[in-house]
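Both of the next two complexes hold chain A, though its partner changes from chain B to chain C.
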Partner chain A sequence: MRQHDETMLLQTPFHSRIAKACELNQWDDWKGYTTPHVYTEVEQEYFAIRNSTGVFDLTPMMKYRITGPDAEAYLNKLLTRDIRKIGVGRVAYAVWCDDAGQVMDDGTVFHLGENDYRLCAYNRVMDWMMWSAMGFDVTIEDETADVAALAVQGPTSCSVLKAMGFEGIENLKAFGIRTYAFDGVILMVSRTGFTGDLGYELWIDPDKAELLWDRLFDAGKNFGIRAIGGAALELARIEAGFLQAGIDFVAAEHAVRMGRSRSPFELGLEWLVSFDKPIFNGRRALLEEKKNGSRYRFVYLDVEGNKPAEHSFIMKGSKVIGTVTSAAWCPTAKSNLAFAQVESKYGNVGEVLVAEIYYQRELQWTRVLASCTVIEKVIFNPPRRRQTPAADF
Partner chain B sequence: MLRFLALTPADQVTIDKIECNRVTKKYDAIVIGGGHNGLTNAAYLAKAGLEVLVLEKNPYIGGATVSRELHEGWKYSNCSYVCSLLRPEITRDLELPRHGLQVIPYGGSVTFCQNGDYFGDYPDHGRQYREIARHSVRDADAYERYSADVMKQTRLIRPFLMRTPPDPTSLKLRDLKEMRVLAKAFAELGEEGLADTLKFWTMSIGDYLDGYFETDVLKAHLAGSGIIGTALGVYSPGTAYVLLHHYMGDVDGTVGAWGFARGGMGAIADALAAALQSYGGEIKRDAEVGQIIVKDGVTRGVALTNGDELYADIVVSNLDPKRTFLKIMDAKDLPEDIIHKAKNFKIRGSSGKLNIALDGLPTFNGIPKNSPLLRCDMHILDSLERMEKAYDDWKAETWSKDPYVDMLIPTQVDPTMAPPGKHMMTVFVQYAPPKINGGEWTDDDRDAFGNNVIEQIAKYSPDFKDLILHCEVRTPREIEDEVGLTEGNIFMGELTFDQLLFNRPFPGYAQYRGPVPGMYMCGSGTHPGGGVMAAPGANAAREILLDLKRPNTVPAGYPDD
Partner chain C sequence: MTDAQTNTDVIIVGGGHNGLVCATYLARAGRRVLVLEANAALGGAAATREFADGYSVSTCAQWLYQLNPKVASDLELEKHGLELLARDLDTIALALAGNHVTLKTDSVESDSVSDGDKLAYRRFNQQMLKFSKLLASACERRAPKLLDNNFTDLLTLAKLGIGMKMLGKADMRDLIRLALINIYDVMEENFDNELLKAAISMDGVLGSHMGPRSPNTVFGYLYRRLGDVYGYRGPAVVKGGMGAVGEAMAASARACGVELRTEARVEKINLELDRVTGVTLVSGEVVDAPVVVSNADPKTTLEKLIGFRNIETGVARRVSNIRMQGNTAKLHVALKGLPDFKGLTDTEQGQRLIIAPTMNYIELAFNAAKYGEYSPAPAMDISIPTLHDKSLAPAGCHVLSAIVQFAPHDLKQGWKVAKAPFKNLVIDCIAQYAPGIKELIVASELLTPEDLANEFNMSGGHWHHGELAVDQIMMMRPFPGATQYSAPVDGLFLCGAGTHPGGGIMGLAGHNAAKEIIKRGTAG
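Moving on, here comes the complex of A and B:
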């Protein structure tokens, strides 16, 4: 019998600790794992990320290890950005496309050593990675279950890690990696995250997961440490302006209907596409698109009023020109932010559009036509996010 | 010579300004007082393109919205200490987050009982229900009715916070229109709702709560919001509204929620000041105004207590109505009625404050160490009777011997105000009279008042006294002397129906305009009152810009839903 035969949902190596802390018993299913939706209160968990330290179990994140003499060359073909520029000990955000130049997923690539990489992804992409690996001398391993991972995010996160005895952690630059000895194993710390704040991700052998959790929370007791669920993280990532696969775009492989997938250009990710490289998946199609123009444009909208424009139609005059994919009232930026995909001729920075917002109060629906302005960047962008040495709070 | 020929009109302006500075620069508007309303007002005027100067008598800005380090490594929110009423429209419009403001909500409250028990008002609804039910099942059910009734009343008031009250005696189109808005809002409540509104605005909080609950400690727990900052007892008519005033704010849309300003309440003033400066406004500290200069019946500027004169055709007072009209204006410049009204304005001091640096987190009888109840408002006084007796002491012109306190340890949430593992405690105390037995407060009185509060807390926290490293004690005397609030009244005038809406501060003067052309009011003594809302400052700016026929820069309130 394997674990999946005994239970509908798998548990992460932190589950014993999470279950104890999850007062509301509200759970999500993330790639077949039981993960907490809310522990105690979404708002307080969100503010732990923005005011002190929030801890999020990201073990179910798909993790692929890519090694072998051609690892770098292989990834450079798989990903649209130039992987040769990512030095050892560095992490980079990346997307990968199918041959039609449509985004299959986004994720982070960790350069662990020479020709040794870890690719973290939202979707399961082994099949595509294997197809793409033809002709390359590489080994690709799904190590999702072999690495336990915690995101430790927020303004006091560096103080917490210092209190754990991680010397010099404050000097780790954004997107950098360091390793520390932890109870006989190696603990990897990267200054990465999905919150747009100062923060780190901790990667360790699952056997040490519970010990890591305990030591972390012990070290953090004077720094407002708090376990956070998926709901709080979702709010933080919207405020930070980060895309979520499955919400802000459909993976090219999963799209059934014509025209539902998106290219990197259509997601505002042009900066991740490096045409300097002679070969990468989707290159030809993307060059075509660059020449002929895109169908859609991804925009951030500053929406008037305080009603989140969730799932709203975006209109120019009376014409529907797009839809909202993510929206939230952002509690730190105090902005009413929406991500929208609009027809490409609309959406220049400064353009005023209209969001058709529906909201329900005491069983009655109300419709609001809220004016919204296309903004270049999201409002939330604190200096502490990149500041090195990292601040204490 | 060539340079002279190359002068552009812009250069000319600069030179004119330099010339002006040498003589005396004339501003478009001078705001007296760098409290949060003065800064808000100035920010909106500056945003409209006016040259604005804020004058603050202290070496630091903020008024009662201030954070100071009085013990090394600890920051206090010396006066106001929590934030809910600050209008979100203003926060967003003035980009206060970009200027460093972050408000972190906290939830819940607890009242300690004399018998060792407690009543915990948990932020989680299910837990709150069970806790009330532990004391009375009937009260737990009644709480649902109570919450809905209170919410109805906050929904009535909230839309008026960012509006100028109409003058009910005026026949001006704008006043008539505003009266209609007001009438419509009342009409929507229906007959029963209207009756409730009248009750809410006139009843005592004690009587009001008696209509819902049977448990003493629950009533005492809720009644605290009805007396805070108010020289009235729980059975004095009008205190029900004061409770409403504490419920009508919101944090990120959660009506009634309260939060901490990260870094202390001074962060609000600092962010407002940064916004003001981003629009080109100026702030002058250590600049106490002695007199508003009026010539030929029009406002001309101000004279500082050091003798300097500064000129502007618009002068806005962020000071309370008594201080404005009785101290920094000459009686001969004022119509007689306003002097009477100012003299009769109710602004009685009733509160004190302790700010305490703690060596660690104190424990409280019966409360588990990690309870969320330690991270929220903690109250002492478990019956309305004890609360009324506390008020009896105030009437006898002494501080309450068995005082009501609203205390918090914000450092459990805010990591910026004390070293890690150490804590700061803010203790709001009701009651403290403006005078002691007819005389001024002395230092000995202050210390005795402070010790009495510390002893009171120590009855419920065995290790509290041993953890005290430093304590700032503020009586109405300190609040008046340092902040400038007459009698130390935290709301700049009592929040009773006779002094609300078109009666605030006085009938006929509720639209932020003073009795002399060019003179305005923007403090909490005007509609909609105190509590760090910033609405008076913004509303006053809108009126000033209207008079100047300038485009309005003040945002409209969010529609409620």
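Moving on, here comes the complex of A and C:
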């Protein structure tokens, strides 16, 4: 692999295959890696996720390996949720905060073994992780480049993996981990993803990346397998109601302006905060916030009409009370969904607000005031997502 | 493990002078206070110890020059045995040729000092005293928080602001200009005489990891001159050594009902969730109390006694970044007769003696320390207490005590190998000014910053529990975000030199901490 001092953007171990498939040649820069924005057609890729199988290269996701006698205790201080409750072979969604209780990032923790964890993050957080390690006997390694990873998502994803010979994969529960032998190395499969659908993530030695890709696409030939880019994934994750760091919140250490960062409460992530463990970063500030109230509330909005309320102001009457962070017309749920942050006194479920939507048609800007309703959950939540054994499609 | 069931309201970890002061004020406010001291003696850096058969010395601080008069009278220290055998001593800058310079608080005497310098010295002193008075106005109360709009804090800030205005335009401008620059430049602006410049700048760097050209040295100087505001027109010698200060404070504390336990080293401060519940001693004994006040330095308190794993990352990081590398060694010499410093009368030998011929001499001494080496030609602050206090040595014999700069705590070659050669080097250096002293030596000991760290339980062996610099004072002491004596754990307070206003045998940190704890009520 080429190093950063030789090139501005690195390539993932799947690049040879991706470059061949990426007909539109539309690329993104994801944390210093060249990644496909769209291969052929966003809609086709999106519908692969929802109707067959979409394959997404998530190698650039930051991956930190945490080992050592204090690994569990360490993560319990770093993360807001109680990590003691995550058993070996399980994965958990988590956020972490600075001392002020402001979210630095969200990600997933993989409990690989006794005091052996992998933390997947959007942002580079090695410095914070090292500072947090003072007083703990842990080893923290950035293994981002040492592990190649593919997300295999969609109704037929289990069938594809079965066709590859991964016996019993259908019995893997959501947020579970299994390993398989693959060409002399260990392939880790987790039933996780960022699409809200049935899906898996495959983790492997980069040397075997191309072989994995080839075998996967061979096995998936009859299951509608298709490589998907960042644009399709973005649509799927909005439909699934998942937050994206950098879009739905500004990482606390990146926020330059006062008050632009958000607490877990303000992002609707209270369920990830466990006050009954002795200490974690942000605990004191979050207790204070719980007592005094939050500044903002995160809401899902069902927006009238079909114009995505991207970056819209949210109003109550004529007063601006918030803004939209993510929005899309969701094709499967057939809903015009928006994520918004509103002043905390607004946003009760059922409350009707107004989105001020601007859109351009042939050089002309148009403004609509779309009524929108606060909903408790996103509409898209198919039973196949959690069903075990996973169904054949 | 046993639970002593002591029925204690407040545990004070460390019976240093600030711990004792804090304990006394708290006991007077009706709290049941238990002081747990690791060492056999109370008083912390105000200590006296026999270092050779029949010879005793003040093992850490050697002069009393800034004990706050309010603290001294509130604690009735004189009634409890504090006695000064000499006070308002001069500072004598030694010259190899014997033509030394004598600095008094308002005049300077020497054949070699010009009339211009003498006049400049008077003016300089007046101005510095004005500035130190202003500084003192912020020292006797908690440091204000800037964002909270608390009335008391606003009052402190307003007083500081008005005080600055009251200085007058010229002095205010000077203060703003001088406070952040270095003592070297200020000396160059004011004086010609090298010895004079060096002796004054020595007061700006004592106890610190700074040379005369380092920023913050003017602040260090003004901080030292707080002593003048507190009525000390020069250092004083305490009967029985500085340990007697500790003893008087301990007696005062006892009289107020404070329970003092020595040789009771605290191993950890106990927590339940993020609230203190008491302490565990090295013996395994557990003592419960709703409030724990640590007289230990902030690093020892938060890194060792609480543990960084129990503290949020941002705070742990700020604590680990506190600059507190000690750079000062102590030399103690037992002498069978009075040494003969060139050009000094016996009375003069009883004053405070400085070895620092030029500012560059000090700067060069500091240069070595920057790179983890000890000074090849160290600067010194010397005391011969036996000229005032015969009780410290056998009849006719004397003790010489010297504060030696610079000797970095983190010495590259390690103190194990360097200690003996450095001690010889320091003695050789003194012998240049006091020929024949070596023949008088009965015994000697050098305490490196490592030794001071171990003996007095101070991280890095730093006197002040953290460098006194503009970024580590007031609301930034001991670290930003932990002001006003509370710590990032409920029920835990800090009362040592690591907190505002800082180190020196002054007692204000303990005084202010007690006031704050009382103000917050029993909930801590």
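Rule of thumb we're sticking to: the second predicted complex is superposed on the first by the 391 of 393 C-alpha atoms of A that agree within 3 Å, B and C clash if a C-alpha of one lies under 4 Å from a C-alpha of the other, contacts with A are read in each partner's own complex, and residues count from 1 in each chain.
We adopt the following convention: a contact is a pair of C-beta atoms (placed from the backbone, for glycine too) under 8 Å apart; a residue touches a chain by one contact, two chains touch by 3 or more.
Not measured: the values here are computed from a predicted model.
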item: Room on chain A for both chain B and chain C (clash or fit); value: fit
item: Partner chain(s) touched by A:Gly107 [first = chain B, second = chain C, both, neither]; value: neither
item: Which superposed partner A:Asn222 touches (first chain B, second chain C, both, neither); value: first
item: Which of chain B and chain C A:Thr40 touches, first, second, both or neither; value: first
item: Which superposed partner A:Thr332 touches (first chain B, second chain C, both, neither); value: first
item: Angle at the Cα centre of chain A, taken between the Cα centres of chain B and chain C once the superposition is applied, in steps of 10 degrees; value: 160
item: First, second, both or neither for A:Pro278, with chain B first and chain C second; value: second
item: Contacts of A:Ile379 with chain B and chain C, given as first, second, both or neither; value: first
item: More chain A residues in contact [chain B versus chain C]; value: B
item: First, second, both or neither for A:Gly135, with chain B first and chain C second; value: second
item: Partner chain in contact with A:Gly199 - chain B first, chain C second, else both or neither; value: neither
item: Chain C versus chain B - closest C-alpha approach in the superposed model, Å; value: 45
item: Parts of chain B lying in touch with chain A, wherever the complex brings them together; value: 88, 91-92, 96-98, 102, 104-107, 123-124, 251-254, 262, 372, 412-416, 420-421, 558-559, 561
item: Footprint of chain C on chain A - complex, ascending; value: 70, 73-74, 77-78, 98-100, 128, 131-132, 134-136, 278-284
item: Chain C to chain A touching residues, read off their complex; value: 271-274, 303, 307-317, 320, 481, 488
item: Touch list for chain A against partner chain B, complex; value: 23-24, 40-41, 43-44, 47, 50-52, 155-156, 159, 222-224, 305-307, 329, 331-335, 359, 361, 366, 379-380, 393
